[in-house]
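Shared between the two complexes below is chain A, which has chain B as its partner in the first and chain C in the second.
So, the complex of A and B:
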């Protein structure tokens, strides 16, 4: 082992890896039970919040901005997570193997988005308002195209995310089938679908994971594109911003990386997985989060300078609505948390090369992401619906504070996300057994003259 | 990676210095022909100064034509160096090694060429000084330092300085090799440039740290250069099709697309010209084609967004511009050619490994991409201006004169000539990178396969 202080490496014996990781799915005591019960109760708040909001706020579209912001936040914080596993897969990098299951599990909770989308469908205005077609990316499409395609997009994302998780778990289901008993053995037998690890099965599995990963990426970009335009940009007259969908996607990937860091930190610390999730993962994730923070500011600034320098009426209205108007303080904090603090924090190699540094950075990024989504969605929904056909926004809405129902929906959504993750961790090991086997095959820690390092194999 | 052949350091020195210490038969002929074309071009430039811009096709309302298109094109090509060298160095991509030097040189020479075009375009070249420096204190006329037109030369100048430094730092170990293998004046020249390099551990450490620091410092400059060029257009609200927030990343990704393609062209020519088959191998073209596939797909996404959001506002003039660009002759032919050569033909070709590893096909497909990318810039700049008619009362279209076409041809001859002259003084493939790769590379048997490995040093 290298650098005993900080560096660990998974056990080289496959039997030990199998036993340790499969046993993790069985662990849990009264603390876990208490957490699960609390999460179940808190998850119910999502339904209470939605029902309460429907009853109290009725048909007032301007009151639903926070719900849209919560949807965008959950989509961004979870949807981008599988990219942490997908990008290294394409680049044939082995470092992500111990955390790729975590990334896939976070990506498969998209069902929460669909639940929040249900009340939004009711409030989202159709394309033809007061007999006139409003500006949208749907041009001459049928009246309820945004409703249909946005929902379909979220469903597609959920299905692809789950398919990706399932495909990448098949070898582990086979391990469960062969080395567990009781219900786990039964689940393993059904879900492994006769996987015994022949060359053909491995080759097909790799191909399937590759295809699903590519598909997931395209669906993710598509969903960010339609959700960002339909649920915010097209609600504001005169807001025309071609980079916005890409900004939304990029900040979503930043949020996804942050979520993976947080969950990896928890799994490592409280799941006693110090030998599996090592400093290599945190160092690489820290670098990715640093890079995505820079991309965040670049995409933001690309829009900002054009509006700021253009100074047309619609440009000025954009600045008033989203930057210097009612959301000015939210914007400043979002900017601090999404870019300035992560930038100055993660720029230091010592911070990136630690367990707590990227973890703290990830929490700050997620706070920034939430505030950024509030900054974008709340004012967009607060715009007076009667102004929708104007050439540009002439009346900036006042700041809207969240009500109790918004808070309940937020707490319920987050709780549901954690509940699903804990539920999945009872069936599947949070660290892929086969991924660790492959990691051990493809990379080995070692020394070269006086330097410590890893010898990495990259098969074609 | 599988085609790697183990070679000795002596062999590396003798083969990779065959263009520097010896002279290939074709070299003097090609240099003479290119010098002739370059001199003719310089002569034509003076003719243009004498007769004025009337010799070009520029006229109301199209004041920016082929010269500015070519300026943007060469700035785009310059993105090859940092993309390949800095990003791949930071991500420790092993296949970068034979590619980096060529990419860095291409950056410097294309930037030098790009800088010439605004001078040619200005007509009275010396007047550029008035745009950059305060020239009339008495009347209080100052350059607008906030203008992207002012920031352009600063950004390009910084990029040029940084790139030259970056190239120089990476050249030092090879300069020492040349110092030890030459005599007389040449030895003196290399001795000065090698700055006492002996290859001791401290010098290597400083060289590696310097390279990494410069890579990290160059990245923001690399992004800023083409972004600022794009803002020359995007902050203008008076020209249809220009005022778009997506321009900065769209220009950058397009630049990477054309720059990396230019590197492929150059790699093929280097392999054919100097016979470096053991160093520039099909696997390198394979890796570059994979990178290009990802970049081209992202670029297509940005192109789609740019077009979509130009229609999103439902502004009649903007729609008319797009109609003209896409459906009216001759723009429609150019648009079709742009799409075919920029994406539709090359990218599906690159999906096949047989094409990716076929050097002739890669050569022609990379040339195709650059035809497409030049057309892209032309289609961004000229159609928008040719519709800028309300205040000029002129409805003439723009047809470049033979003068302008020759200057475009001249730029290619000029860059090629500079590259050939460079190759006579410095090695085009970094020797030390090859040797380092040889030391760090190994192979490991996994199952029945012999898989190549690479040693990666860990962060302390």
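So, the complex of A and C:
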């Protein structure tokens, strides 16, 4: 017991774990109702914003940069989250088990991306503009290839994310079936699909999670690749950068880690889950976010140095458009928030080894991510469409400020993300019951001579 | 007539002893299984670990998706042969994006189908079960003919079963 306290370990009694975590799905009251009603109303803004923008700016593609930036931001902030559960799974690390469900839930909200993609489909120029094919990764492909394949990619990511969440939740639906009543029991019965914990069922569950996790990673990288290229790079004449899609993916994974930290902090504090989400998770997540912040500058600099020393007219135009031109201040703040501040904040072990340190770092990172996506997508969409066939950009567009419709779409999207997460938390425990059982089974805090440590079993 | 017997255990070692006892009493491997609320490492109870074919679904899906995309991209380019940038008509790098996406899409769809198929969902013939298994109890379940009922019960009682249920 002393060791459990020392290492902030979850309760070891399966009955206690089951009762506490399942009961958390029923907690709420008037505060939660108010939040849900507010989020429902705010989520409607996404539709109002899209309709308003289509009516006002429906014929002007240059006004849609913020919508593309919001799509890229939501994709980056949510899509990378399941990697927090996937990477430790591969390494057989136990610390991530209490937050695996949170990571999977964030990853399953990709449906929001598909909603935002609908107006983008209308505004994204076809491959042949004014009778001439514009430069893209689609070569001689049909005219609306980016529209079709990008949307299919987003749908594929959403399906994989939801399949991953469902697969990893089946044992908890069985727990709900056995220990709840009313609607939750019915939901548990339907969704657990006869799961009773046989050897075959557990064996298949493990393999299923492994397969879907692998596919999710492959799909995520691909979606970042096509979205970043089609929705920003190919909109700018002369922008050729092989590192940019990887930079987009890497910063997306950084954003995913930040989202998991923020939601874990909220679930721990306001969901009364202090016994389950402990300092172990925040310490480990803080280290990962520190590492991804370093990766951010590595990928950015690798791309930047080529343009900086290239000094051709197209390289100079790239610098003017995205770095030192009208978006210079946005770039500086994005750089500060994505790399410099998280670096100097998370470098301190005392900060990483705390609850609030990684949380504050995560908020800063997400602000940086949003500004970075604005820096990349808004100028790309603001480029005069008549210049699309030029060899390089000769006319740098002025800075475009968001209008009321952009703000509505942004607020609506974020609200919808939180609404989906809260909705799922009413059906599923935000901390996997079976994951905690597994943590207790395979890891034990113990005394080693005069020190304390955690023994971890890693069965084949 | 075949019956399903469930022995409930609090101690995992007792459940493992019951599994050994059933084996020693002459019951066939595969006619009994262990039910747990948490995934114990495979073989922890000395249980028979069956082979499954889940990995074949995404692999098969990937092959179908790859083949379909190869056909789609090749056929369309050969049907409309336009030379771009001096590159060959069938340029693999131009085809890779669609081939990758269709391979992945097909692998994902087949994985979902595989999950449904391999899990035999929904479970129409559930065996004996007790909700206490999700509370930490361990169940050992066996399907036996009437004549072997008492033999199986005796094994459960000898190994310290908390309760024996016959369905």
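Keep in mind that, in the parts below, the second predicted complex is superposed on the first by the 453 of 460 C-alpha atoms of A that agree within 3 Å, B and C clash if a C-alpha of one lies under 4 Å from a C-alpha of the other, contacts with A are read in each partner's own complex, and residues count from 1 in each chain.
Keep this in mind: a residue touches a chain if its C-beta (ideal position, glycine included) is under 8 Å from a C-beta of that chain, and two chains touch if they have at least 3 such contacts.
As the structure is a prediction and not an experimental result, all values here were calculated from the model.
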Return first, second, both or neither, reflecting whether A:137 touches chain B, chain C, both chains, or no partner chain.
both
Once the structures are superposed on A, label A:13 by its partner contacts, choosing first (chain B), second (chain C), both or neither.
second
Given the touch rule stated above, what does A:452 touch, chain B (first), chain C (second), both, or neither?
first
Mind working out whether A:307 is in touch with chain B, chain C, both or neither, as first, second, both or neither?
first
Which partner does A:299 reach: the first (chain B), the second (chain C), both, or neither?
first
Going by the contact rule set out at the top, does A:241 touch chain B (first), chain C (second), both, or neither?
first
If we overlay the two complexes on their shared chain A, which of chain B and chain C does A:212 touch? Say first, second, both or neither.
second
With the two structures laid over each other on chain A, which partner does A:107 touch: chain B (first), chain C (second), both, or neither?
neither
Touching A:349, do we find chain B (first), chain C (second), both, or neither?
first
Check chain A for residues that touch chain B in one structure and chain C in the other, and list them.
137, 139, 441-442, 457, 459-460
For chain A, which residues are in contact with chain C within the complex?
13-15, 18, 137-142, 149, 152-153, 156, 159-160, 163, 167, 171, 174-175, 177-179, 193-208, 211-212, 215, 218-219, 222, 226, 433-434, 437-438, 440-442, 457, 459-460
Could you please specify the touching residues of chain C with respect to chain A in the complex?
33-42, 47-50, 52, 54-55, 58, 76-77, 80, 82, 84, 91, 94, 97-98, 100-101, 104-105, 107-109, 111-112, 115, 118-119, 121-124, 126-127, 129, 131, 133-136, 139, 141
In their complex, what parts of chain A are in touch with chain B?
2-3, 7, 90-91, 135-137, 139, 221, 240-246, 280, 283, 294, 298-299, 302-303, 305-307, 309-312, 315, 349, 353, 441-442, 446, 448, 451-460
Which of the residues in chain B end up touching chain A in this complex?
1-2, 91, 93-94, 146, 220, 223, 227, 231, 234-235, 237, 243-249, 294, 301-302, 305-306, 308-314, 440, 442, 444, 446, 449, 451-460
